[in-house]
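Input: a single structure, listed below in structure tokens.
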Amino acid sequence: MGKRTVIPFGPQHPVLPEPIHLDLVLEDEVVVEAIPRIGYIHRGLEKLVEKKDYQQYTYVAERICGICSFMHGMGYCMAIESIMEVKIPERAEFLRTIWAELSRLHSHLLWLGLLADAFGFESLFMQSWKLREQVLDIFEETTGGRVIFSVCDIGGVRKDISADTLKKIAGIMDSMEKELKEISEVFINDSSVKSRTKGVGVLSKQAAFDLGAVGPMARASGIEMDMRTQGYAAYGKLNFKPVVEKKGDCYARTSVRINEMFQSMDLIKQCIAIIPEGDIKVKVTGNPNGEYFTRVEQPRGEVVYYAKANGSKYLDRLRVRTPTFANVPALLETLKGCALADVPILILTIDPCISCTER
Amino acid sequence: MIILIIIGIIILAPLVGGLLTGIDRVITARMQGRQGPPILQPFYDVLKLIQKESIEVNSMHRFYIYISLIFAVFTTVILLSGGDILLAVFALTLGSIFFVLGGYASNSPYSTIGSERELLQIMAYEPMVLLTCVGFYYADKSFFVKDIISASIPSIVYLPGVFIGFVFILTFKLRKSPFDLSMSHHGHQEIVKGITTEYSGRDLAVIEITHWYEVVFALTLVFVFFATKSPISRIVAVVACAAVYFLEIIIDNAFARLKWQQALNAAWIVTGVLGTINLLILSYFR
Amino acid sequence: MGQQTIKMISSNELLAETLHLKNEGYRLVAITCTNKDGMELSYSFDKDYDFINLRFVTDTEEEIMSISIIYPFSFLYENEIKELFGVNIKDISIDFNNSLYKIPVKTPFKTKEGEK
Amino acid sequence: MNFVKKSPWILHYDGSSCNGCDIEVLACLTPLYDVERFGIINTGNPKHADILLITGSVNEQNIPVVKQLYEQMAMPKVVVAVGICATSGGIFAECYNVVGGVDKVLPVDVYVPGCAARPEAIIDGVVKALGILEEKQKFARKKNS
Amino acid sequence: MNAISVLILFPLAAALIIFLTRNDKIRNMIVRICAIITAALTLMVVGLYFKYGISFTFQTEEIIDYIIALIEVLVAIYIIMAGIKNKKYIVSIFAAIQTPLMLWFEFTQKHGIEIETSIIVDKLSIIMVLIIGVVGSLICIYAVGYMKWYHVHHDNYKERKSFFFSILFLFLSAMFGIVLSNNLTWIYFCWELTSLSSFLLIGYTKTKEAKNNSFRALSINLGGGLAFAAAIVFIGINFNTLELSVLIAMKPEAIVLVPVFLLSIAALTKSAQLPFSSWLLGAMVAPTPSSALLHSATMVKAGVYLVIRLAPLLGDSSVGKIVTLVGGVTFLACSLMAISQSDAKKILAYSTLANLGLIVICASVGTQESLWAAILLIIFHSVSKSLLFISVGSIEHQIGSRNVEDMDILMDVSRRLSLYMMIGIAGMFLAPFGMLISKWVAMKAFIDSDNILTVIILAYGSAATLFYWGKWMGKLVSNANAKGIEKHTFRLDEEVPIFIHAVLVVVSCFSFPLISKYALVPYLSELFGNHAMIPIGTSDVNIMLYMLSMLVILPVSFIPIYKMNKRRRVPVYMAGENTGDNKTFYGAAGITRKLELRNWYMDSYFGVKRLTLWSNIITIGILCAGVILLVGGLAG
Amino acid sequence: MSILSMTKTLFKNLQHGPYTVLYPIKKKESFERTRGRIAISIDDCIFCSMCQRRCPTGAIKVDKANSSWSIERLQCIQCNYCSEVCPKKCLTMENQYTSPSFGNVRDEFIKCMNTQSLSE
């Protein structure tokens, strides 16, 4: 008889916000083998392009994932706009950037909270989510939704942000920066937190590349890869550099995300400073015909939208390669040899979005 | 008379324990910037659990936690009626072992892992608990609580190191972060709810009440460190208990949960350093 | 936005081309299948934002070699395409045997709305 | 006294939701909404829970999971469907892998609409569920006596 | 005195008869009867001599000495031959040194040494006789049932049952000899006989492993024997006596400490203390009854018995400190190492080592309280441990494995066996049971004698003890269902001894105040010349008896509750993926997977290899320090 | 090494008091744009069915014959698309969200009569 424990982990499990299943093979508490099973959230929404027209599909795309809802909407709209060769107004580009960065901010704060929760630091979780509520308030004020914004549209955005509100947002960013510093101090310096993240789930630069990791996962391993540098939306007019760390462990990933939050705040302030006046939307008529790959940097990493249209109002094919899908192999790699107590941290460390992954 | 006292202890101890837990929850909530539940919430929880249906996974697993409760009560009675500390500790260990067996008996994955971790925790804190008893004996020449608290000098004067070590392992006993590996009071843990995963209704209420007794047990030991025969010291001791409890709440809220390796290392090293040095010095000057 | 090159190949060149790209230091970004006049498979690669697609058209009969020997993590994409489109991909390093998503409908993307 | 109302414990399961409602359910726990005021604890364990909160629609894979979780809860218990997907399937109702709302497999007691459901709505829903919980408790007692 | 000669000689005769009986059925009957008679004899001797004890010497002592010398020579020749045949020359060398040494002493130096009392029956030896007689005969009966299926399961071993049984009885006789003799040469002779029988029983299966292990056991024990022989020669030449009681009555001067140290070495080897412990672990290849009898309940106790006898000389002396330290290291290291084991017999072996270590500490500290604890430990340990061993033997029969991990189905296979097993384990470490009472007193004794280091060792060791017993118990209570396990009959021959053992474990706990009052306190009072006190207060004893009664009554009182309160039964929580039978779940790729729950072993912390290496180095260091101290003492 | 680095924040919170909005007692004020639920000023409606066609979830039913407009509250995803495409701008998004219910809610509005809601 071996000394190996075999247990199911998920789909319903308190540390998992989303259903995913792992067969964990343990020795004492060391994970020897972790075999995943997904499909609990698979809806088959790519197939919906045949039932919803390309305008309606914007709303479906937004609901691929409730966390980076805006990014999905934007990615989809950009793909269609590229096919239809629509040039959207500059103000819309900036507004999109602001919302996108706010989304990143909220997503990373959410992630920080969940990470804190994963290692049993409840008060830190509460602090992160308390901070996040401020971002959600901005969302609600500017778009009307806390989670799903429904502001991105093919041809621009549906709602404008007034100058007063923009100023207010800049103010909130300043005050948030202070509060974020306070909690990031704990994430970066507290020794009990460090003992749970340092050296956990190390992914070397080579491994990250070989496993096709994207986003903060890759950046924490020293791969400088950030789609925003390609200058879509208003990013070309902004001044920033991708955040890169070398160690490739959970600690590095935490610090990448924390620094990205500060970066996002900075980007938002830059946007507010130079946002031009003007229209927010151009009218889009006709049906798309052609194909295009859009690549957008989501909070979780690079997302690829592939749209193929045939001139009718229904698309031929929409394909979403989400960042979590690309990061799953890296996760499985890091799970091997970790401790059971690290499993939730490692699952979280890729910032999984299973509903994106399975669509 | 003795019987009346014993009955009094049996009834009052969980009330105090429950109230403390309630206060704990409120303070914790406030520290996190939340409103928090009513102070009597733990009692509501337990009463609700008693009213609910109890389901079981097999016929045996509930047996152990009832025994565990009985021994927790037993321990508290021994301690509060001035009995032998060492015997109380042994009885409590017996209770804990039965609790662990309850986890194993369900043969469910997370309970079993919880039991394993609980055993590890017991192994981690047991040396310090024993050394605390030894310390009392060194300081006051007796294992009996009634003798220790009627000494003229409080034991804390002789046992500062042991006291710190004891407060350290109290975190295990009170199931506070960073040492709440086996069963966290917070909802989200990789082993679900550890040993208690399979218990529901009345059985879960029993586990909660057992915990209340344990809280009282733990704080009584803190009390014993400070109490002497003068009444003022008794008040000081109660204040010290409150302070220690508050400290534990802060620690709970300011630490990530550690892994078993770290917990075991920390507990054994603290025991080895603080407990041993304190006792060595004490035995040298004796 | 960077370049978007689409390079048409034939299905039996796939492994050689992929290996070539791998040696050049490209990373596999995605494998996409589109059901239009047969199954159109696009393998997307990226190196420093340089985006290359290998594309060929096949049907559900033809056996396609898995590229999981070159890019091990391609098993997820390939399993998905196999399950949803019914493309016959063989020798996937971790083969879920059409139970990645465990869907009640068999190969839902194989038929198109209205063509049923 | 009926104490079920005073300490409802929740089991949250994510059917196949987009995460929108999930994070709103979690947001209920955080300082701004703090449902622990009502004695609500997110247990994550069916055996301890009184209320099953389901977000997202059900599909072939998670139907047995949902059923099992429901079975493993102790009486009295209620099911609250949170969000449009859980109540009707929502925008994904036409997808091939979506069976529909949760009421296709479990007796849903309270429906919380919204896409995503707002924390306030979720609190309202849980409070409504408490009433049902109390009813069920009374009913069970009557049956026993 | 006749009763005593009968007690020693009867098992010898029984061994001879059994060896010559070839028919299985008849032999089994004879074994049972002889065992019962042995037990009866034991009780009789205890009854006769309990109150006052006696000491006497035989008239025919010289003849006995010659017979002994003759047998010794024969044994030595046998061992030398066996050593040469199997290329284990170290054994031959040891035998070739010590026997001529003893013969030389016997025939040249011994004249003029008068032995006043060669047999002493006091409270301590009565307790030992009781343990040997009762536990030993029960194990002999058990062996009848055990050996029946042993050869059915292991048909590749040659059947030598008559040999096996006769060695068991031979051994009993030798053990009686050790604890009753006062004459050191006699003790030495019996000592060597036990080593020999241990060697023969370990090698019973004649496999390569068994052979190697048996020779290792023999060589280490002969090494100890050599020390013993040297001690005898030293005593005989220097003090002109061969009586143990005379030696003990001396003052702990440097010159006296030399033989004491040598005897302690002999005791440590017999009790398998580190660094001499490897033989006991190897001995686990022997059939379980012999492990129960020799390697836990009795033979290894001979070592600690000797230490207890020597206690007045150890006390504060340097040798005492050395022995305490060795015992302490053994206790701690073996308790920790037991955590990393999964083979039930290995766990029992490590636990035996640890507990022997504890007894050695208690005995060598040498205060009244600690000796009280040491003797109680011997009693409780013998009963509980042999219960555990024979239960494991039967479990192996029932479920076909003695791995602890496989015992999770035991509840299903045999509820009774698992109950016995639980009683045994509880007896080893839980609160109101014997071992813990003794540990408690030991602790108190260490504090009172200012041995703060041993207190700390005890604290850590007990914690580790808790862990491995706890997880084993956990496996026993877990309700995994045993489908497809072929159930075997639980023979009466096996069950009766197990049952009596279990009863003994509980009864001995209830009656320890009596044991203390009537045996220990008088013995210790006499030994220390003052009035000894029972170290535990009456109120505490009462509370403990309450606890014990609760543990007995509570399970019984639960039965009606179970009958009345029926509940809805649901499957265990498996994150929603249970297939419904509590054994399997839907795993990845839709495959049904078996749930497996295993204990922790924490090899990186408690791995045997590393710990053994370090603790061996430390103990060898301690012993070397002892030698240096002694030499220094002699010089100064 | 830094331990207890969270303490500062904890005490700050303790001193500040709870941040909680005591929801059922006190309400958090909603923003002007908050999307709660769709309302119709039925008198302006011309029953063009534009909203029904564009609604991504098919929650809206328009019956020209009976001049009724109805919405399944449990299907509406508050995307605001209907009110954007409405040629008469008679659909508006209210701030107040639909409250939870025990069953399916279908709000039906019939022209010429006052607003009336039926629950099935």
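Miscellaneous remarks
As written, the chain order gives the labels A, B, C, D, E and F, with residue 1 at the start of each chain.
Everything below uses one rule, namely that contacts are C-beta pairs under 8 Å (C-beta built on N, C-alpha and C of every residue); 3 or more make two chains touch, one makes a residue touch a chain.
Owing to the predicted nature of the structure, the values given are computational and were not obtained by experimental measurement.
Any chain bridging chain E and chain F, meaning touching each of them, is among A, B, D; the list is complete.
If you take chain C and chain F together, the chains in touch with both are A, D. Chains B-E form the pair with the most C-beta pairs in contact.
Centroid distances built from C-alpha atoms place F farthest away from chain E. Note on chain placement: the centre of chain B and the centre of chain C lie 59 Å apart, centres being C-alpha means. If you average the Cα atoms of chain A and of chain D, the two centres end up 27 Å apart. Centre-to-centre spacing of chain C and chain E amounts to 69 Å, using the average Cα coordinate of each chain. Centre-to-centre, using mean CA coordinates, chain A is 43 Å away from chain B. Looking at chain F, residues 3, 5-6, 10, 18-20, 22, 56, 77-79 sit in touch with two or more other chains.
Each of the following residues of chain B touches two or more other chains: 29, 31-36, 53-55, 109-110, 112-113, 187-188, 192, 197-198, 253-255.
Of all residues in chain C, those that touch two or more other chains are 99, 101-103, 108.
In summary, the structure contains touching chain pairs A-B, A-C, A-D, A-E, A-F, B-D, B-E, B-F, C-D, C-E, D-E, D-F. Against chain B, in their complex, chain F makes its touches with residues 3-7, 10-11, 13-14, 16-20, 22.
By the touch rule above, chain B contacts chain F in their complex via residues 27, 29-36, 250-251, 253-255. Interface residues of chain F facing chain A in the complex, by the touch rule stated above, are 1-3, 5-6, 8-10, 19, 30-35, 54, 56, 77-81, 84, 93.
On the side of chain B, the complex with chain E involves touching residues 53-61, 63-64, 66-67, 70-71, 74, 78, 83-84, 86-87, 90-91, 93-94, 97, 100-101, 103-113, 115-116, 119-120, 122-124, 126-128, 130-131, 134, 137-138, 143, 192, 197-198, 261, 264, 268, 271-272, 275-276, 279-280, 283, 286.
Taken together, the chain A residues at the contact with chain C in this complex read 38-39, 42, 44, 46-47, 50-51, 82, 209-212, 227, 229-232, 292-295, 302, 304, 306, 308, 310, 314, 316-317, 319, 321, 325-326, 328-329, 358.
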